[in-house]
Structures are given as C-alpha cells and as structure tokens.
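A, B, C, D, E and F are the chain letters, set down in written order, and residue numbers restart from 1 in every chain.
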C-alpha cells in the first residue's frame, strides 16, 4: 500500500484541503496529514493552535468518512532548513510520496531524493487560507468555505474575534 | 461526548497499552493517545522514534477496530515542568479527563485543575515496556507482548539489534 | 492585597512607564513589572539588554519612592504564543489583574480567563519608546523623557551611539 | 556604592539565605539575588517554580526590611557553561563582586576575571535546602527553617504534598 | 604571532572574501574564518548549508596556498545579541583582532573591549554576495566571481537551480 | 579522493587521536575531524571549550605536518538522536566513510546507510581521555600523553586546576 505525506499549515483546515486529501486518496492507500509550524498561533497568518488544527482536520476527515485512511501529525518548526526533511520523516510513519505545492518543501524533499508530486489546483480559488482569513476579518461568510466540522471548531475558538485582535500588529 | 487524554511514552506500544485504550473507551467516547518525549530515540529506555511509535499505535488501533475513536499526538519534551500541561493541552484537541499512572503527570494536571484518573493495572505484569525491552536484549519472545501490527513495525525497525547497540552506554 | 502584572518591553524605561506604575498603584497594592523580550538587545527597536532595563526600572522606582511596592521580572520570548501566558505566570509571583495596552497580550490573557485592564493614555505623547529612540538618533533631548535615574543608566550604556550603529541594518 | 551578585537556586528560600543576604549587606550597599535554574520545578531537588521562589525571596526580604537594598533576577539554565557568566551578567544590573559557595559558579566567574567571595558558613547546618526538603518528605517541622513569609508561600503551594509526589521518580 | 578573526556569512565564498583573507594575512600571522548564521540554508539570502560553505572556503584557501594559515569555524545564531561575542569567542581559538564590515558585529565586539578593524573595500564591487546571487538568478556568469574551487562546490550543489526555487517566497 | 569523517569529543586531543588521524590518512586522502558535544565545557568529562579543542587539534595537526589534509568542524548536541546524522552531515563537507568506535554513532550512521569503519585500537591504553583526566586530577604527568602543541593549549587553559574545581560536583 502506498502512503502519502501531505504537508501544510492548515490555517484553517478548509474545503480545499479536504478536496486535496480526497484527490491524494484516489492515488494512494493512506495519507499522513502533516501540520507544519505547529508551535505557531495567534498571529495574522497563523491563527489557530496545533490542537485546534488537529481537531479541525480530524473531525472533518471523520465527517467525510476518511478517518481510517488518514493520520495526522504535528511538525514544529526547526528553523534549520537543511534538517527539516529528516525532522518530518522522524515524526511521521514511513511514506512513499510527498504532496505539496510549497516550493521550499518540494526542493528540500527533492534534494533528499524523495518523490514529490504537485497537488492539483483546488477547484475554486476561494479554497485558500488567506481568502478565508480575509473574510473572517471583514465579517464575511467564511464558514461556508470550511467543512462543517472544521467550522464548528473555529467558531468555538472565536476565530474571527481572535483574528481581529491579532491583526493589530502587536507582538509580545 | 467525553474525550480522554492518555499520556505515555509507548516504548514500544504493547498489549498493555492496547488494553488501557480499550478500558478508557469503555468509559469515554474518544481517546487522544499522547506520545511523550517524542524527540527521543536510540536510547536504552527510549528506543523508537516518534514516527515508529505513531505507526505502532496507529496500526495496532486499526487492527483492533478502534482507529475511528482514537487520535494520536506527539509531545516533545519542553524541559520546563511548569509549562508542560499547557504544552500538551495546546498540542491536543480539547479533552475532559486525563488517564495516567505517572505521578508527575498526575500532579501537574491536578495542580492545573484537571480531572485525573488512574489506569487499572494491566492484567499481566509482562505488559510493561521495561520487561519488553529486557526480552529484546536477551533474545526472548518479546513479539508476543505487542499487538501483531506493532510487532511488525518493531521488527522492520530491527528493534532488538538497535537496542543491543545502544545499551553499550555510549552517548554522542 | 491586590497585585497587578504590568507587561512591557521598556526600551527604554521612560516617564510614561513611571506614570503608568503610579496609576496602577493608585488601584492596586503592588505591581509586578514584567520586562518582555528580555533576551533582545542591540536592535533598533530593542536597544537595551535585560540587565540595563532592570537597572533603569529599579533605580527609577527607587527614586520615586515606589520600590517597596514593585517587583521586576524578566520574561524571555518563547516564540510559541499559546504558551506565553503560562510562561509569564510561572516567572511571576501570583497576580490578580493584568495591565497592558498590547492587543496580543490582552487577547492571550483574556482567552486564559484573566482580568485585563487598559492603561490610561499617558499624559503626553512624547512618553513613547519609539519617540525616545527617534530623539536619540537625531541628537535630540531624549534624556528629559526618562526619569533621571533611568537616563543615567542609558547614558552609561552610551545608548545614542549604540543606536546609531545598530540602525545601519546589519544583522549578524 | 558596591553591588554584589548572590547566586543560588533557593529551593526553597530559607533562613540561611536570609542570613547570607544580611552578611553580604554588611559589606556591600546592594545585592542582586540571582535565582538559578529558574525554568526548573516539580523535581525532587528543584521543587518550586521561579515565580514561587521570587515570591518567597521578595516577601522574606520585605519582612526583614531589606527590600530596598535587594533586587531579584531569574536566570534560566543555558546548558552551555562557557556562556553562563555572560548570560547572568546580561540579565543583572552591573555588579562588583560575586558571592557563591558553588565551585563551578566560582570557577566560571574567576576565569572571566570577576572578584568572587565565599559566603560564611551558615550558623546552623539545618539552614540547608536538602535538609529542608528532607523534613518536608518525612513530615518534620520544616516551616521553622524558613522566614515566616517564605513559609507562607510554600504552604500555599502545598509544597510537602507536591514533593511527596515528585520523589516517586517518574519523569514525563 | 597575531591571530585575526574574520566574520562573515560567506553566501557564497567569493573572490572578495579571498582577497580579504589575503589582506588580513598581510597584517596577521593566522586568520580564523568564522562562518555566521551557520544553521541557515535554502533561503534567498542564505543559500548554502554550513558544510557547503566550509567546503567552498577550505578548497579555495587550499587552492590559494593559504590553508596552513587559516582555520574555519561555524557559528550558529544564538538570537541573543548580548551573548554573541562570547559565543563566537568560545567556538574559536583565541584571537587578537577582529575584522568585519558589519556594524552590529563591530559594535558588539567594541563594547566587549575587543580591537576591531575595518576590511579594506574589495577592489571590484562585483565581489559581493548579493551581486553573485543576482547573477545566479538571472542566469549570468556568477562562476567567474568565485575562486574556481568554490565555484565547483556551488555547481555540484546546483546552486542556481536551488536559488530559483527558494526565491519563490515560500516558507515552511 | 576519499574523505573520511572522524567523530569524537577530544577531551582533550591526545596522542591516541593523532595516531588515529594518521591511520585514517593512510587509507583516505582527507579527514574531517568532528568535535562533538561542542557546547559543553567545565564538566568533569567535558573539560575544554570548543575553541580550546579546536586549537589543540589544529596546532597538533600542524605540528605533525597534517594540517593540509585535515579539516576541523564543531558539532553541538541536538539532543534528538534521530536527527544527529543529518546534523553532522550538514555541518561537514561531504564525506565518504565514517570512523568511530562509539556504538551509538556507528548505529545511527549505519541506519542512515553510511559506510562505518572501526578505528584500530590505540597502541597504548594510556591514550584515552578518561586516563588523561585522571592524571590531571592526581597531579600525574598527563602532558606526555598529549601532542606537545595540545599540551601547551591545555596548560594555558590551566586545565588541571579547572578540573579540580569542576569535579566537586556542583552544577549551576
């Protein structure tokens, strides 16, 4: 059985991610969903904690009937690019192929000799984290862009209100 | 639905751990299996990498038909005990009760106001990580003490041979 | 007795900070002055070392006769926002209320269930770290904006000359 | 005015430490009390958090009427001995002389060219952290060995009960 | 014999660096080449790994017949400017004078009491890391700006192709 | 040309190490001397700083006429065994074979697919770091066991006196 690694930050886990998982599962038997920059949260581009992202992904995959073919792992940054591929590989069960549209992730895995595939473009451009967070800020209907289970997790975390605070630009 | 957190190092994931998960699932709807000291491996008491432990746990729970009620997360050490409870809580989806027989884990969670329950003693004392690693060293039949799926992962990792090397006491 | 936590970076400790402490002490019995990003120094926005900032705050509070109601603690960054509130709370004696005008600090403490109060605006807008550092750069009379004791510490550190070097934009 | 640096772990802050501060203040104008290994807690030899130790020291020094000549700083370990003196020196206001009975601390400061003095032996050998923690474990009258204010902090932290849990030897 | 410390990032090691070493060796007996930000790689401004930079410098110095008067050390960032001088000094054999055109490096060493000298401007402005990386991106003749031995290392690392990937701006 | 990696802690660099380098150079064209646990010093088993060890190795290899075939790199611990091989490999120029008598180093490199060779036993058992440090403690003639150049560095560092302080067992 072929197992894929699918790397992203999932800020938040939206319908584009769910489509990507389905697409990968049409080619592979199992997929490891690797949540990158897991230590980050409460930033404009990194709003949710690792636990919130795990919960969004897990509940969405369960809702879609895919939970038994998916495994979720968290990957904190190492801030040492040349170690990163090994770091992910140690945190994950073995995998056979990597899916990512991030050029740095792809380059690092290719230099390490891994097989890397591009994800097909999501069907609709709304399925994009930046777009979702933009709607959150402006009071738009972001919930529709997330799987229902993920939207519930984001609402419970009061995501829109958190985002409006953290975009003010303060750092600690 | 009640979600439990079950904390351990799972070096390796053996039948006692599987029994514990079953026991927790007789009381709770879901369980988060938190793999502690996830950055450690290749030590006499911490033989397996995080990824190998995730794979052992995941395949064993799947084999037992429990995968859809279990979620696995990895928890690297922070070496800062007073932060640890918060660290675990950030890495995990929300949970309602903690299961652990580790007195430090229990103390830290109790000081933080969490509900902590003891695990019932495993049925047989062989179900113990130290015992399993002892058998590995002496060439005993350790495989029987692991769920078949976990044993397969451990064999693929050449666990016994790795252990015989790392017990020599060298550090880097 | 009510103890307040007052969080800032104090780059440098200026008269606005001293006014804020006085204002807090009109409402609370004691205040913990928490110096954030304590590991930073020799940057355009983070000029002084932790020790220099401790000395500025301590000598200024002593000069103002407030030393026996104030306690100073240093808080290095953890670069892990979701842990930060717990991190500060572990480094500080217990406190009952948090004063901060930083929206991220306020959000993190509110999510953790703490009582957060806004600081009243400083009487004069010159009482602002960015303004003080601007004067330093342009050779203005920045010393007047600091309590005399803090100005002495800054002069001994040759702050203006250090700032002129570090604004050149080089990083290590 | 001569300012001294007094380095210890203060697990807990006991009467021997208070005597040492008094003795130093008979020779120097001010003392910086540096709490080492500040990130440690909930271990048999490192029971209290940094904040609890700060509170013990601060309340005890206040009770003794010494607060206005004392400054407390926390020093997390760097696990890099050759950097440690510089690390302490950055976290503390400038100081002229170092007091310590720890041979490593003394060696590192002497190699760095600092003036190091031995602390006079405490009057009574009970004034010793190991002895205090031993009494806590055995249910003895440890409170008498701490300044009253420090004992109150330790009691509020349920120190004896915490210690009895953490001596069981579990690590996370 | 006078030993110099020469600090840079060497991204990549080009002819300007080789000229600088020669110039320093006309004044000093030996030079320690300190490769800063050694943990960085695969970024637009930090393209090469530490090992690749060590190899470039070593082979170039050997080719120029200077290897027996040069020593190469790697210096990972500490992200704590006030510790940096000590950190470099611990990683290097003792040295008598520092050469750097980086104003922060110069400031930090001067505050620590070291003798700091400016490097004479390189003969030609092409001898500049930013210029070299710009040529790599645009398909220009960057190889001529490196010592032949360094160019061989950069070609083996497929530097230009790596750079074209990492400038796309993705982070992990 | 074959390049070897030779991993050790070199506490201190003694004649056994020099013999090992000569032996490796009888089989390979060049050797990278990798100084492990480089962040450690001032401990009974890790007495010298990285810089002192670099200087000992460099001067000894120069004295022996081997400097132009040897390259020295420092490797700080990562405390994450499964990353260690990659970490060393990033810090070093490429190498073709690894020499080490440390069973953990050998295991980790073998699991990573590298070619690992044992070092031939040193001719005399005195050529051993523990033995050298024992002589230092007891006032024996340890200098004879080091290459003359390394002994000079150790004497300048007042190694014996430092060791007598740090064996007292204090930690910071």
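Here are some notes:
Please note the rule applied: a contact is a pair of C-beta atoms (placed from the backbone, for glycine too) under 8 Å apart; a residue touches a chain by one contact, two chains touch by 3 or more.
Source: prediction; values computed, not measured.
Common neighbours of chain B and chain F, by the contact definition above: A, D. Matching B-D against the pairs in A-F, D-E or B-F identifies B-F as its interface repeat (over half of contact pairs the same by residue number).
Chain B and chain C have Cα centroids separated by 44 Å.
Separation between the centroids of chain A and chain C, computed from CA atoms only, is 37 Å. Measuring from the averaged C-alpha position of chain C to that of chain D gives a distance of 25 Å. In chain E, 41, 49, 80, 82, 90 are the positions where the chain touches two or more neighbouring chains simultaneously.
You'll find the chains touch as A-B, A-C, A-E, A-F, B-C, B-D, B-F, C-D, C-E, D-E, D-F, E-F. Those residues of chain D lying in contact with chain B across their complex are 39-43, 49-50, 162, 165-166, 168, 170-172. Residue ranges on chain A touching chain B, taken from their complex, read 38, 41, 49-52, 54-55, 58, 62, 67-68, 71-74, 76, 89-94. Contact residues of chain E toward chain D in the complex are 80, 82-83, 86-87, 90. Of all residues in chain E, only 36-37, 77, 79-82, 84, 102-108, 111 touch chain C in the complex they form.
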